[in-house]
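Labels run A, B, C, D, E and F following the written order; every chain starts at residue 1.
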């Protein structure tokens, strides 16, 4: 169950409001690298958690923290929109630099939300629930979380570069720090689960004897006309020879060759109403049936 | 540039067509864990690759291989749909088990594609380009790839469990093997980039001195009414004390407390047409302007 | 800022797990009538709130409560999925009723989440951020909230009808009760804002003198061939005559007639590359320019 | 059945074409507050209408009118795009103000539609059918309609503020007037259905005796560390004490406390292929089965 | 402007309601092959029409007719849902065939719409405005329309096969007939525009001298390992030799060979925060700048 | 199966990088008229191809070529982004023209991809799998392909107009040429399938005797108040009289009149919880049941 107070987790101060930066900040709210995604991702992983209790507990702790991050960013968007131009005529009358900035506003910040944050990304594309990954496999989920925090921290550092507002830089420095911690946190679980050797291949509960042994540690080179020795280069790479990362195989390089047949499908079922010509031309047993039906 | 031949990378054989399994296989084609996603993800990462050439080369190799996986699965879907019931009346006339299976078909396999695969997931939700992650940061991208191959292999093992068709099990055993390799392959790059210590926090090119030092290795516990000693439990966890995973800090546990202010926004801009009552009640300098305008 | 504990707001008990009901419950999590929507909607309205503080406070209180509702429903989905069939072959071997139920499962509950809830609706369509409405106008937002709680309570009563599991009925009776309260709560704000007369037309801060006076209280009948006297029926309806609901006009009925011109657009700009025939036929001054360019 | 003529419902005249305003107008066509949504919403509600005939009739009348509104706005977009810059080089050569405006164009107005309106919002995000609400409950639908007309009128007033083109202001003054009427119209139905007391809680056909009586008129305060007396403030609010809005209960304030258990899920089903560590650690009866399988 | 009456364009009668068929019919309402799409497509093409008036007129005529088709199908869905099972327990108690059918229902027909049609496809995926094509080029649009009516008629014939309800077959026979006409109608415009020779390549207003003359009538064979003489087969095909369809070139077959360079991008901009290793390894001029910044 | 080399199909050279043009080019990558769509469309059509082998072969050839087009455009986007401004402060300091351009950038090119192409359109809307059409009817698919290449070539010519960069114009002249060929190629199949007379109405395998003979070659005029003789105009048009395009009927014009009944639905099922007032007012047999239940 959840509770709140009325304060922010960390200070949000905008020294000089900038509606173009408000638009950019939306990426960190409703974008695929953003905070709604990690918030829901950690909470859904917690709510569906099966296995040791401590991982559910940890996911709940951090999922709850992320709500506070959405709150901080939503506040930052609203503050950056204060005093924003609300009409094209205003803009025309003002100096060119502001005009250029307005070209960079999200029009829905004026039209739909009345100068407040929305559940969309920096292009106004709505948040999408498909981004919330919870697979039921703890290791796969931890990689999803490391990945989310990595692209999230990367986004935050780019936002930090994009502004020189001291208040915004300070807020982002806080969020960047939290992403550092969260990367480490999910990595700690992966270590507990046994590290590369214990964790991989994910899922580690599928009996490897059942997988095709010829291809499970082979780098497949799909390059043709290999005049510059690509296959050779790949053989010398870390992924082309030597012990595999999970310690369970030996890397090798093979050239792509088809091991399968040329695919053959039956002629169309007449009730699917392909063109007549498609049904006549086939080799299968349905042809006569079709001819009878159509004649 | 790209080339093809007319054979499959690996044999695709369906012993007993099953339209409900065709629907499930769509998850591996157009779902977020599926092959269109990894194919486009590796290719876009290659096409936007900046830095050492060999990573671009490797991404191209494997991105190209993934097209062949979509092809195998699309063929498997079409073969599982052969002979599928195309009308509700057929189904009624037949025995109950087939009836139950048809309830589990994707109706668009009959109505839209004429018994062929589509660019959708197992619920018929279309593939979405937002899932194609290429961040411009090689380490973040490698985690995105490990994650994609982990959820992908997990999906393939679940499909393997869901069928007892020998042909399908054989095809899936091949795909599971490839996912084993691909997990290892992206992990090899992470090792080359320096492993946990060299790679994290991602991006490693942001000067850590700029991030907020108080919060970058602190586990924040958001739990209230802590009668069962959760904070204590967290302190003893791998992420609550000791060296951080990247070797750059010491884990600690802190209790969530607000470090920020209570957020205050200005009253609404009159041209945004909030309700009058919202504009009257504020404390800001716009109130008189509003009153004048509205009177 | 936000906090949690490890208990649920209300008991969630599933007496007889049913994966088809798990699929239906997803509508109340990730559907447009569901809890993720109201949770984010109230929180975003709070975070962007401009005007009297007490409305922000109230929105925060209830937005936070809604997270706990998602949690309850996500738990209910997971519990309904326990023991669910994970393969088509299992199903075949079992009795027909279970078979029929499996036809009604969401395949991603097996394939993607490993028997846990997801951020999708009962068809597997992902939650969409566009549903989160916060307009910056308090009255419009309250109607959005009444509407969300009305379709939400309607959904909960239909779920209540769809199951006879005592635990599920008890949980839904709690959620139905909360929706009763929340409907009343948002209506209370509308009363405080002045009721029908004070609130409408929304926004009440736009000077009504600026709107077209001929059409603002007129019911437009678009019906042709009115042999059954529809216009007459409309005149006698509450919306066809008498005082308007906001007390600011008199209802009347008018027959639809065009008050505008036939629209005329210029011929295509040559650089937009319409077909030649489109550019020749127009009446505008660009024709010669086009002819010259194309000859 | 439907008919048309070739005139517009109301004059659409653009005195000074402005492609940035064309982009903004798209919100009123294909946005969630726009006319495609209300058009389809009223028509689908009519087509699925069960109950008194007159409501179906009314919905058809107004649903048909809304098609004419889409037509007016689509014409306005096309007229605002006449003479728009079609290349970046044009823009560079021209004066800066036009340049700034082009930064604010929707590029697809040049690239995809050839200077015509599209079924998208002001960010180019496509219209989404999920916004079309028709619940089968007349009162819930009327609130959905009041909400749509409220956010719609709000949008129109913001567009009115954003332009000083006399033709556009005149067209918007007409549309604003129609929204005034439509708000009143749906409110009239709610009055006919019995007003607050008769209508709520929606649906009014669910026996209230079945809902949880402890929580149906209770405001739940989720605030912790209540040093500023929030609970007290809520008690004095309209929603914290006194008769409920529907006249069927007494408001009260309760402090959020968990009434439910700590959720416990079974360990993962082995065929879902969680990590081994998740299956070992649980307390349930599946553990041995897992061990046997994996050994 | 638009008008309506209260009758249907053609009789809609359901002899034996079938909720699984209701789900299938949704494809013809809200699917990509469905009637909302063609309705909006023809109307948007009309509203943005530039060039001879008669095409705008024709598009308006047929766009308006399509609204009546949505109405017919929405009515058919509602009638097929009458008496549908509304709970899982009902279904269990009844015979197996009905049970199997319910597995094939759209759960939102019970939960969201109360047994009425929705703006979604047969999988419950919402209608998407991106499907509404109006390019501003009349010939391209006519092909979009022929394509829409072709996949639309195909869908209608498959629905006709899927049911044996006489009323539904009669309604579909009407809709199939209308699609026959509409295919012919758009083809008539293409003939008027000059047929293959006059129309192609679309757009015909781009000076062909500007296109690359080496590749504009060449079939590119991307096949490798051509042991079965594919290139030869292609040379003998209609598209491999002889006059091109537009009469403006000669078909030829060429083997795919790269005519472009190996792409080289600069090293990453330091402010984009790629990993350090990416920035060091490059050959470009930014390297020193990066080193300085990072040291 | 698929292969690659490291060169581009055609030279991609950017003389003067322009981030606003990079944004526009995205339409040709991830837009509905773009290359991901045609690539997947041709490949899925090939993989599901039933009927003569040569069409599958041809589709594979061209589907594979299209991957190389995505590659070219992705490279062009990356090259246009080199040196792009990465912060709002940079922009302010620079001259106005660059400022205006930045207003026209896609912010995610900075924030999400680090100056590389993405699987989105020119508004940042993600590629959507629903655009991939493969119907199982060869003729319908060929029209889908002609349409895709027509809007695709139109898009390419508009991009050609939008830039004066010689390298970009050269690349686009190549892509325009390929679209010329591809239009011709799909038209060649339509000729082989019998041309207008053999192909239409699509599908040609549905017995035309089953379609409603009264309406299959009738132009329905929905215009009312026909004072300007529209019906007359339509009679004289190519689609109003004379032989139909498929040679199988005679065109005629009829005035829209309803041939169907006024639709009547039953009163709501009580378990769907409409409002009480809806259930009372109906004429059906469920009324008493409802009254009993509600009393």
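Operating definition for what follows: contacts are C-beta pairs under 8 Å (C-beta built on N, C-alpha and C of every residue); 3 or more make two chains touch, one makes a residue touch a chain.
Nothing here was measured: the structure is a model prediction, and the numbers come from that model.
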Starting at subunit A, fewest touch steps before arriving at subunit E: 1
Just to be sure I understand the contacts, which chains border both subunit C and subunit A? B, D, E, F
Interface overlap for subunit B and subunit F, more than half of numbers shared or less than half: same or different? same
Degrees of rotation, nearest 5, to put the Cα trace of subunit B on subunit D? 180
Using mean CA coordinates as chain centres, what's the subunit C-subunit D distance in Å? 5
Where subunit C and subunit F are represented by their mean Cα positions, the distance between them in whole Å: 27
Check each residue of subunit E and list the ones that touch at least two other chains. 1-9, 32-33, 47-48, 50, 57, 60-61, 64-65, 68, 75, 78, 86-87, 96, 100, 102-104, 110, 112, 114-115, 120, 123-126, 128, 130, 135-137, 139, 151, 154, 157-158, 161, 202-203, 206, 222-224, 230, 256, 258, 260, 263, 265-266, 268, 271-274
Under the definition above, what is the set of subunit C residues touching subunit A in their complex? 1-9, 30, 36, 40, 43-44, 47-48, 50, 57, 60-61, 64-65, 67-68, 70-71, 74-75, 78, 112-120, 126-130, 132, 134-137
Residues of subunit D that touch subunit C when the two form their complex: 3, 5-12, 32-33, 54, 57-58, 60-62, 64-65, 68, 72, 75, 78-79, 82-83, 86-87, 110, 114-115, 125, 128, 130-131, 133, 135-137, 139-140, 143-144, 146-147, 149-151, 153-154, 157, 160, 173-174, 176-181, 183-185, 187-189, 191-192, 196, 200-203, 206, 208, 210-224, 230, 233-234, 237-239, 244-246, 249, 251, 256, 258-263, 265-266, 268-269, 271-274
Parts of subunit A lying in touch with subunit F, wherever the complex brings them together: 18, 20-21, 23-24, 27, 31-33, 96-97, 100-104, 121-125, 151, 154-155, 158-159, 161-164, 222-225, 228, 230, 256, 258, 260, 263, 265-268, 270, 272-279, 281-282, 290, 294
What does subunit C use to touch subunit B in their complex? 1-6, 47-52, 86-89, 91-92, 96, 99-100, 102-108, 110-112, 114, 120, 123-126, 136-139, 193-194, 199, 202-207
Partner subunit E, residues of subunit A touching it in the complex: 154, 157-158, 161, 224, 271-273
